[in-house]
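Before anything else, here is the set of structures, which you'll find just below.
After this come two complexes, each holding chain A, first together with chain B and then together with chain C.
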Partner chain A sequence: MVTYGGDEVSALVLDIGTSTTRAGYAGDDTPKAIIPTCYGYKSATPSDGDVQMEDTPATEGESATEKSKPKVSMYIGNNGPSIWREDMEIAEPVSGSIIEDFAPIPSIISHAFRDIMRCDITEHPVLVTEAAWNTPANRERMAEIMFEEFQVPAFYIANTGVLNAFAAGKGSALVIDIGASTASVTPVVDGFVLRKGLAHSALPKLVHAHAQHLLTTQTATRPGIQLLPHQLIANKQAVDPGTPPRFTLREERVAGTTESYRKYYEAKEVDEWIQSVAGVLEQGWNDQLANQRGARHYEFPTGYNYYFGSERYSVGELFYTHSPSLVNSNPNLPKSIPTLISTSLAACDPDLRQVLMGNVVLTGGGSLFPGFLERLSTELSRHFTHVKIHAPGNPTERRYGGWLGGSILASLGTFHQLWISREEWLEHGKAIVGQRCK
Partner chain B sequence: MASGVGVSPECLEAFQDLKLGHKFKYIIYNLKSDNTEIIVQKKGDVSSSYDDFLADLPEDDIRWAVYDFEFEKDGGKRNKLVFVSWAPDNAKIKKKMVAASSRDALRRALVGIAVEIQGTDYSEVAHESVYDKASRGN
Partner chain C sequence: MGPLAADVRSVFDLPGPSNANAGAAPPTQNPARKTQPKKPEGMKRELYSLIGPNANPTLPVQLTKPRLKQKPNLGSGRRVKWEWRPFKNAGRTDGLQLSHWVKAGGDPNAEYLYAKYNIQNTVQQYSQDEYTRLLDVDKNWTKEETDYLFQIVQEYDGRFYVIADRYEYPDGPGRSLEEIKDRYFSICRKLVRNRPWAGDEASKASLISSLSYDKERDIARKKYLASLETRTPEQIAEEEALYIELKRLEQNERRFKKDRDDLLRTLLGIESGLPDIPTEDELPGQTPTSTSSLFIDTKKTKKRGGIGAGDLETPVLASALSSHVAALSQAVPKKAQSAKSAAYDAHHFITRSDPPPTNKNTHVPTYVRSYKLPAAKSASAAKIAQIMGELGISHTRLVMPTKENTAHLEGLLEAANSLIEMKKAVDKVEADIRTAQARLNMRASEAEGGGAEGGEGVMELDEEADGAEEAGEDGRAQSVASVRSARSVGARQRKNRRSMSISSVDTSATGVGSHKKKKRRAD
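Now for the complex of A and B:
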């Protein structure tokens, strides 16, 4: 076997998430290309009524879904879904950190590597990351795309939970990852995921839905807020906080705006609001404390602006507690962070629990939510004696923790012997993926 | 998942000398500067104290160590071999990544370890915490 002394492997690292796809060179500290995973498309014959394509159920029959999606034009990348186009639909190929629809994936990968990074994929080994609950069929499909469509010389697929634990310098850790659509708790022991202790839920989606409900519902002091993207607004005038907005719509665009585009943008407006003003109280919910915190000003694209008070904290509170009425009205409610952690720990060996709690790794862009880290440490120290949370202070390290871990691993000369080479792929086929990438 | 970093033969020789020959109190392992191999950095003298050992764990770099931990329990003297993975929070992220992914190769090569410690700050490798772990069980 060839051993490489230096670090000149020049591998590529690819991390496909629900919200963004990250791609870059191994050894770098930030991904070169960060593009939305969502993409826009126009169907071949929009008039034949076949416009419900984004509702294609997530079946395992990959070839079937491919055939049922005859798309003429796809709009990918930073100039894809963000630009308004007549009759353009928007679809999400990744849901809950798992790729549900592989059809657009090659185009997204190609866009990131070829169009943005301007590199020739056939010359570089590629390391791809995956969620701990990814299916074997899915990772084999990924290997197939890489070897067959992109002709890569070598491939490896690594678990984001393990990468995050390793990037924190820990062989054993409890990795809490808050993504755009999924919150997960992954126990990693000696570099391997403890599968039975894996817990994840669509908690960020619940927080998001609550925020959307909050904003669009009328309250005693303000009307329901219209969530319109700036792409649909021709002009607006400055108005006083809390007064109705004065703006004109781009009427010519309204008719050609599809339902999925509207939804995507409403979600985006809500996201921006959450990121700008929402937070979570460090010491647990307390009406008085929430009211004492100053109100924050936020202006929507319509020009409507308002000072948001304690309601901005009720949004973050959903990460930690769910009111009994909410639980009763929705039996399939995503598990809160404390529930996820206790579910995960309950499935682990009692001897391990102490080790895991002493090595909690907090990662994912969602964990940058103001007050999140402090609240987590309050909650955990209430139940455990020795708790240590490792949370990178650098936001890039937190947002791209999985990518960064993959970047370092793939840049090691010694890691070269672990890649699945093209020859091995041709000889052993799909089975080698499960054997090599554990 | 592993990094593929190897373990140099001297690591095992030193370990055997410590385990069977009791020639040293502790061994400090480090990564070779080109990240290809794990090597022995220091062999601690038999007479050295626990504080000497702690002084050999740098504040901002990773190490592995084996310490021949001696303690008293139920009136009798006991000995246990303790394996420490040292990765402080302010070590470079690349070092931490390599350390964590290479740890398993070294750990598996060393037979007869009774206690494993994962340390990120000095409180986690303090004498009391190690004693706590070592004296648990038999």
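Now for the complex of A and C:
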């Protein structure tokens, strides 16, 4: 079809985020492979001779790489960190939307493309996404992995801010992206990020930490909640809301659970709680209103269940306002969303502000809090006269906006002259990445 | 499908069952039967002979084989072969071969479809000589930085917002968007101006004007824009309050002016020099002077008359002229009509009536004649209704409100009216005669007894006349503010007022009383 300017060259799109890695074919509307970016690993002791034994399960769905680090078996993918294994550690290669540890990245990419999508990477051009604040060294490393390890014919690295704007069908936009670890406000003009107007903070982490603190600390009405995953629970009994849980632990597993695994599953339990219970008040914080909203029931894997009232709104409220006591206790608190927007706009040209406010794109899984969009529009309309927010109603589009934009971009006929080809890579080296991918 | 009775009969050449029963049926019935409606298609012959032609009309449709929706005709029907073919993009400098699906049989060496969208912006270039001769005027910019500027402008296709964002000249001062634009456009202007120009002067001028950029003005504009955005809510509220205050003051001013004019007009009358009629419909900005009102006068008459431009005419002349023209314009089309279509009207029984004369040139919509039946005057309506009732005619409704009938009715009403008038006059005269007779009789009797009562009657009459005169003077005094001492008048007025108040009390009392009565009744 020529009607929409598309020309499929069967490119692959790879979007590595803090919590999940998305991979799929350009031109699709959803990624084919969505796997956690976290991975499990066991550092085998030298005396432990049964490396072969670790390899056998790896062929079933997990990939064990012995080339890079021979003493480590890795557990990647949907059956990786989520399955309990004795002495398995969990590591996060990506933090703050930037790849910090490149060692497991090839395994993750290989797992997504080869094991899940079952395609030969050497035949497909690959478009990779990056955060707007990614370092040049990082993107060059990424290009190196793609060209040297995977032998891709062509490669391109594009900015998630720009791709989110493209996914919304806009060339110029103010992209508000609430990810798993970072909230960012990116002004995009004609498909270019204005780097001076870029603002981001680890706001979702603060929200997460607050939720965890809320759950684990004792209150007047309930005790502190034990955050245990169902992998560690042998059996449990139904109990009334608010009463202490009755369950038995898998004692044989408790000993073999590592600290990083415990942290990982605690975070996971908090995330689940946030996703099913937490919300944002549409019209700003109001104690009375928050109490009126009605409590919501949630049951933890231990069997403990409770009706959560206004506290579920205090979690989402952290995106917009920080209480003075919190500000005083923590001087480098992540900036709230209104602050991020105002700092971003202040760095932009006065002429652009109107354009950007008329094209606000809200994206990222963190923006799926109930009431988040309404709250954003009330906050923005308080300061600006003409605000138009584009937020996809479809959760998949909201969560994988960056991937979707990449899918659109990589299937455009006019884009195919921008690929960095293997030939160019060999001729110019790393410099070509910075030149081509502006 | 066994043979039917009819088949058997036809084989043995037997008459039909009905024929057999009737016996005396004429043989002409057979051919008539044959012309009966045909059996609908798709229906079994046996079924048709069972249910006959009078069956439900939808039945044949139900029984026919459903016709499937016609299949879309996709091209010629033969298969189109696509193939996965590598292609080369002319927009690329390297030999990257990507593959895509294309229809087989196309030219394998055809240019890539999207290569044509790869359009490079033409950016001005300058030589070293040109730079030293023309462009080395700004001490703020070095040749190297200018080179960098031109390179980055080309790199980002002249998107200055992006350029200002990405502008990073090593060891150079930070450049704002305005500085970058100013430098770039000033160089381009100089180059265009000083180079030999192939085209005409107009195109050169337009190119230069398209390259114009006023840095100071742009900075000032952006400053205003920024200050507009940084207004606090209090400032915005204050601004709005001020605006409303201004509007209110304007309105007050206008009202004061109107009140003053009204006062002047009542005090001085025509001497105030103000137009007689307060022009309410004037525009708020205009002052209600006599000239402006005159001007409006001419305008109005012009509109009515439909004359063309003629601003210098005096209003009198204009109105005279306009009325003349109006008369003409009314007369002319009527004549034409009568000449042309009199015969037509006569043939089609069309009667044309003149529109009822109206004081304004408002449009009179079409109406049914029965709606505009002549109505009796309200004063004598009851009596007329009585007369009509005696005659057995309902004058509010005509069964046939033809033109003649309405005319007749109108005549009748008029006659009835005049009859009533006549009767009134007769009654009055008769009453006069009676009183006169009575007086005469009294005189005759008084002449016998003698009397001073006649003088009293005359005095009463005088007083009445006096009161009437005074009332008239009252009215004048109000309007003209006469200097005449109004002591006597005042006294009389007070008297009047008292009597008025008494009467009003009376009426109100009766009113209340009746009201109460009604209430009681309601209770």
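Structural remarks
Basically, the second predicted complex is superposed on the first by the 405 of 438 C-alpha atoms of A that agree within 3 Å, B and C clash if a C-alpha of one lies under 4 Å from a C-alpha of the other, contacts with A are read in each partner's own complex, and residues count from 1 in each chain.
Operating definition for what follows: contacts are C-beta pairs under 8 Å (C-beta built on N, C-alpha and C of every residue); 3 or more make two chains touch, one makes a residue touch a chain.
It should be emphasised that the depicted structure is a prediction, and the values quoted were computed from it without experimental measurement.
When the two complexes are overlaid on their common chain A, residue A:189 makes contact with chain C while staying clear of chain B. When both complexes are overlaid on chain A, the residue A:241 reaches neither chain B nor chain C. Of the two partner chains, chain B and chain C are each touched by A:414.
In the superposition on chain A, A:397 contacts chain B only, with no contact to chain C. When the shared chain is aligned, no partner comes close enough to touch A:429: not chain B, not chain C.
In the superposed pair of complexes, A:165 makes contact with chain B only, with no contact to chain C.
Of the two partner chains placed by superposition, A:224 touches none, neither chain B nor chain C.
Of the two partner chains, chain C is the only one touched by A:352; chain B is not. Comparing the two interfaces of chain A, the one with chain B and the one with chain C have residues 5, 7, 190, 192, 412-414, 416-417, 438 in common. Residues 2, 5, 7-10, 125, 153-154, 189-190, 192, 194-197, 349-353, 412-414, 416-417, 419, 421-424, 427, 438 of chain A are the ones that touch chain C when the two sit in their complex.
By the touch rule above, chain A contacts chain B in their complex via residues 5-7, 29, 158-159, 162, 165-172, 190-192, 355, 358-359, 388, 390, 397, 404-405, 408-409, 412-418, 437-438. Considering their complex, residues 89, 91-92, 94-101, 112-115, 117-118, 155-156, 159, 161-162, 164-166, 177, 222, 225-226, 229 of chain C touch chain A. Listed in rising order, the residues of chain B touching chain A in the complex are 1-6, 34-36, 62, 85, 87-89, 91, 93-101, 103-104, 107, 118, 120-121, 124.
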